[in-house]
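Scrolling down, you'll hit the structures one after another.
In the two complexes that follow, chain A is the common piece, with chain B as its partner first and chain C second.
For the complex of A and B:
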């Protein structure tokens, strides 16, 4: 790739790079999820294949979904729209490409190390120190590139999407380093209860300070444009942004309500989990009122359709989340598949849908040529939507069976046959989502590689 | 409010700093001073190495190490305390229970049970969905077992001492031949139980239920025909009992019930009182008696008042 190309603003090379990154890793990530689901149905299918034993497949799946599929998908859109919103070009496409490459190397290394059993054993913070550092550096590069883009802007006002992207890159860089305890390269952990508190502070901020703000940024960009309507309210944008950063960061301990951590910290987590209604509704009201009476326009653009669906999922996952932070509710829901349902509604239904929407919205605009196939994008939409809705239903049922049986004194082993059939259904739904990922990869690759792009 | 780049960057960093101070640093001042709980002891080098294998293979995604006041299952005799975790780097609380909690697993079973179970969990637990860990190799499985047997610290050590003590006499009895072994087994059933026959009559429905329970809970050890040759057999010593040797040796329904309910500490035979309700234990006991021992005292004397459901 020549320098001239790399610096040509029309090419949006960084955005393209993250776009194909996201599409490829979505296929791998959902495959790993499907593999894990199958192992829960037929555990001896992969007997003696140590590197894909369930306990290694699961962190590979989760890390790839978060850092391989969703984050790069959202970043791809951000790398396109941040310069657009600032009426300038990206500060450095070269630096952007270095970021894309660093990011992908980190992912490949992450898969290889986890499969080899090199794990730090902390959920969402499994990756070993060198990979952690690569990711911290990547977030640093992202922030630097964007803030320099802001510096050279021709548009004096920063639109709300820009606030969210800047804050997400900066704050995640910091919390990622903190949460992975990078000053302890060997273990990447603290000791005892403080380790749990820090881990879940960080773990929840992956959703609260990375996925949610980036998704909000994409929605704030796509929906008003697709509707050709001004954003409903600047005040709500402000309220949503600041309350998100203040409140979301406090709630990590709601993962530890049944653990001996200080009671006052649990109270803070519970109260703020309820208070999460403020940033959630500020954002949603703003988006939904912007789109009021314009759903036809939203529907007409497949990207906007994905994004809008994601905002509805955000409503459900957040209301559910606030409920789940109540200790009385958690007596039933904690430790079982109810939480897995919630995690999928959040990460795939909300952030994943918006990531796909962002990709489909910016892809024709950054390549200057139409999407290869609207039909395939719609097909993917339905496969993912049916898959995730099915997940939500099936896994919630499983969670209720497990939670209530346990409360009633039944052992884990006794409940296994009761949930078997649901695990089969879940794996079948996983096939749909995996097919959706393959179709998306095909569609996106075809669009990117279409020859007309050369003279766009 | 004018959202300049400075306002966004400095403002959000300030908020984050304040939050870190209040929800991380402030509790740390308190939680970092946690002292050891009553059961706490340091881990041996071998146990620490086993913990590494536990981490490398993602056991934490299926097993919690944190017992709550609302739990009934394994280890629920003791609720987790902060002082249990003071050497855990990282702490392995877990967030999902695809399998049971393990924080008090030490001494629940003897080592040979774990060897069979890790080789392939379906050997000892036919319906398990836990992955097989034979690929780790025998040496690693031994180290992993040592770690698992240390979970619960001093409580685990006491349970392990009990396992070892009874293992010795179970092995001695087994090696002395079937006659002595059956006698040893029966002698350790409390007197009252030995003279109790199975109070419920044998019925087709009862045998069908017993068959189902046998398949789901016992088959991997005692084998499909009750001769003790299930897939777990090569890993267990003393091996699973061959039920056919019990014929004519005065095994009452009460003995079967008691052994299934309470298990035989020191041998791989687990207790089932948490998993099987009373009726299920009588049913599987009678199934064993009828099909494998070929001799059942069901509904024999002394008899009480027949239960209301009996036809």
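For the complex of A and C:
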């Protein structure tokens, strides 16, 4: 780090870039989700508009939520706090900006190609090869920038958040390349059952080795600071980290319990899914004990409030997930809206909430300006929270109706009228979340664009 | 023949993890855990006393109710799935 760098105020350009990336794409992603929900209510709505039929809207929504909204939101906070925790500066803001631009180009190309019907047809791996490569390169750049930051650190100890961020960048880079079978550019797939197994190793790792560690990293940074209390136990946090790395990497086959994959793989997946209670509770106990008696402080900071709520969602989604990995439970819950409820609690309720919390926590600190409106942030919090809680309830009910109908051998078309009303409720809840995204975008853009004050 | 893919896949993950763990062990990353707890607070300015607003307290109750409802729902559904599924 040069002397000039050491004295000049930090601009946190990369963190800002990922911040606005997340806010913008959250609006687009939730709009696509809403559109998809409306299409489930009125399937003929977009009948002659090939590029926005449900089959294309869904992957656009899913990819944008994962890679447009949640991951950049978490990365924005990470680019801010990793150098702070290491008592240094980001190795290269220029490289960071190149990463932000590459990331956004990949997203624009992703939306355009998926809308045009160019898809590799594998869930969470729909994007075509050139875009896959851009994402792999982006993860490579993120890892390189952060590891070089670690190398130039002035703090010898790596705080647990740094561990989580580095692991997420490295393992996702590797997982993404392998899961998208980048050595087969045309199909991006293996053949038959082996492809399903590889895909779900990858698919689950997107939640387990990207969203979860980044979210944990943000929570481990924000909650102690908001509470002005040291972390309850750093040793416990490292135990949680290493057990997550060991266990989460092979639970993917719990998505394939009803598929003819080798039994030993299923057994590994089920046992490890239950064992996930260890890293989950290590994390939650640590965060909740750190915040014990300090909920007032958590509520006083809107960012911390989002993050803390995300940790509660994590409890639900993980306990639910461990149960869902039991074959007996999955007989009812698999292949229906139950899983969609779980997915939304996980990705929006847990990782999305923490991403928003991270953004709101670091935004005033990286810009040196107060948040444009605390009221709007609170409003967004409640819109998203009510939306996601409603999703959880409505989709769980739909899932149970569908699961039981299937078990009883009923035909699909007789069940559809029964669940229609729930789909309407779900779309209305989607309106709340979409409005929340627009409010968030406005609030964040106004904060970023306000006349500059002192930098943090 | 798909074993090679999974063995490679798991092998890469395991190799990276073990190498990093070994580095951490030798680098003293597991020592001085007491100081590590305070790292996020390092550049913290003087503590500002924050009083929870009235609204804030209501929010806590609302969250508590939501959490209890969620737990009850999960338990109910689980019992339903196990007894009727």
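Operating definition for what follows: the second predicted complex is superposed on the first by the 443 of 456 C-alpha atoms of A that agree within 3 Å, B and C clash if a C-alpha of one lies under 4 Å from a C-alpha of the other, contacts with A are read in each partner's own complex, and residues count from 1 in each chain.
In this section, contacts are C-beta pairs under 8 Å (C-beta built on N, C-alpha and C of every residue); 3 or more make two chains touch, one makes a residue touch a chain.
Source: prediction; values computed, not measured.
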Combined model on chain A where chain B meets chain C, clash or fit: clash
Touching partner for A:59 - first (chain B), second (chain C), both, neither: first
Winner by number of chain A residues touched, once chain B and chain C are compared: B
Which superposed partner A:201 touches (first chain B, second chain C, both, neither): both
First, second, both or neither for A:266, with chain B first and chain C second: neither
Contacts of A:158 with chain B and chain C, given as first, second, both or neither: both
Partner chain(s) touched by A:230 [first = chain B, second = chain C, both, neither]: second
Contacts of A:331 with chain B and chain C, given as first, second, both or neither: both
Chain B versus chain C as contact partner of A:249, first or second or both or neither: both
Touched partner set for A:407, first chain B, second chain C, both or neither: both
Contacts of A:122 with chain B and chain C, given as first, second, both or neither: first
Shared contact residues on chain A - chain B and chain C: 157-158, 160, 170-171, 174, 178, 190, 193-194, 197-198, 201, 238, 242, 245-246, 249-250, 331, 407
Chain A to chain B touching residues, read off their complex: 39-41, 43-44, 46-50, 53-56, 58-59, 117-123, 147, 150-151, 157-158, 160, 162-163, 166-167, 170-171, 174-175, 178, 187-199, 201, 238, 242, 245-246, 249-250, 252-253, 255-256, 258-262, 265, 268, 331, 335-337, 339-340, 402, 406-407, 409-414, 416-417
Touch list for chain C against partner chain A, complex: 2, 5-6, 8-10, 12-13, 16-17, 21, 24, 28-30, 32-44, 47, 50-53, 56, 59-60, 63, 66-67, 69-71, 73-74, 77-78, 80-82, 84-85
Residues on chain B engaged by chain A in the complex (per definition of touch): 1, 3-5, 8-9, 11-13, 15-16, 19-20, 22-24, 27-28, 30-32, 34, 54-62, 64, 66, 68, 70-74, 80-82, 85-100, 120-122, 125, 127-136, 216, 274-275
Contacting residues of chain A [partner chain C, same complex]: 81, 84-85, 87, 155-161, 170-171, 174, 178, 190, 193-194, 197-198, 201, 220-221, 224-225, 228-235, 238, 242, 245-246, 249-250, 295-297, 299-301, 305, 309, 312, 316, 319-320, 323, 328-329, 331-333, 385, 389, 392-393, 396, 400, 403-404, 407
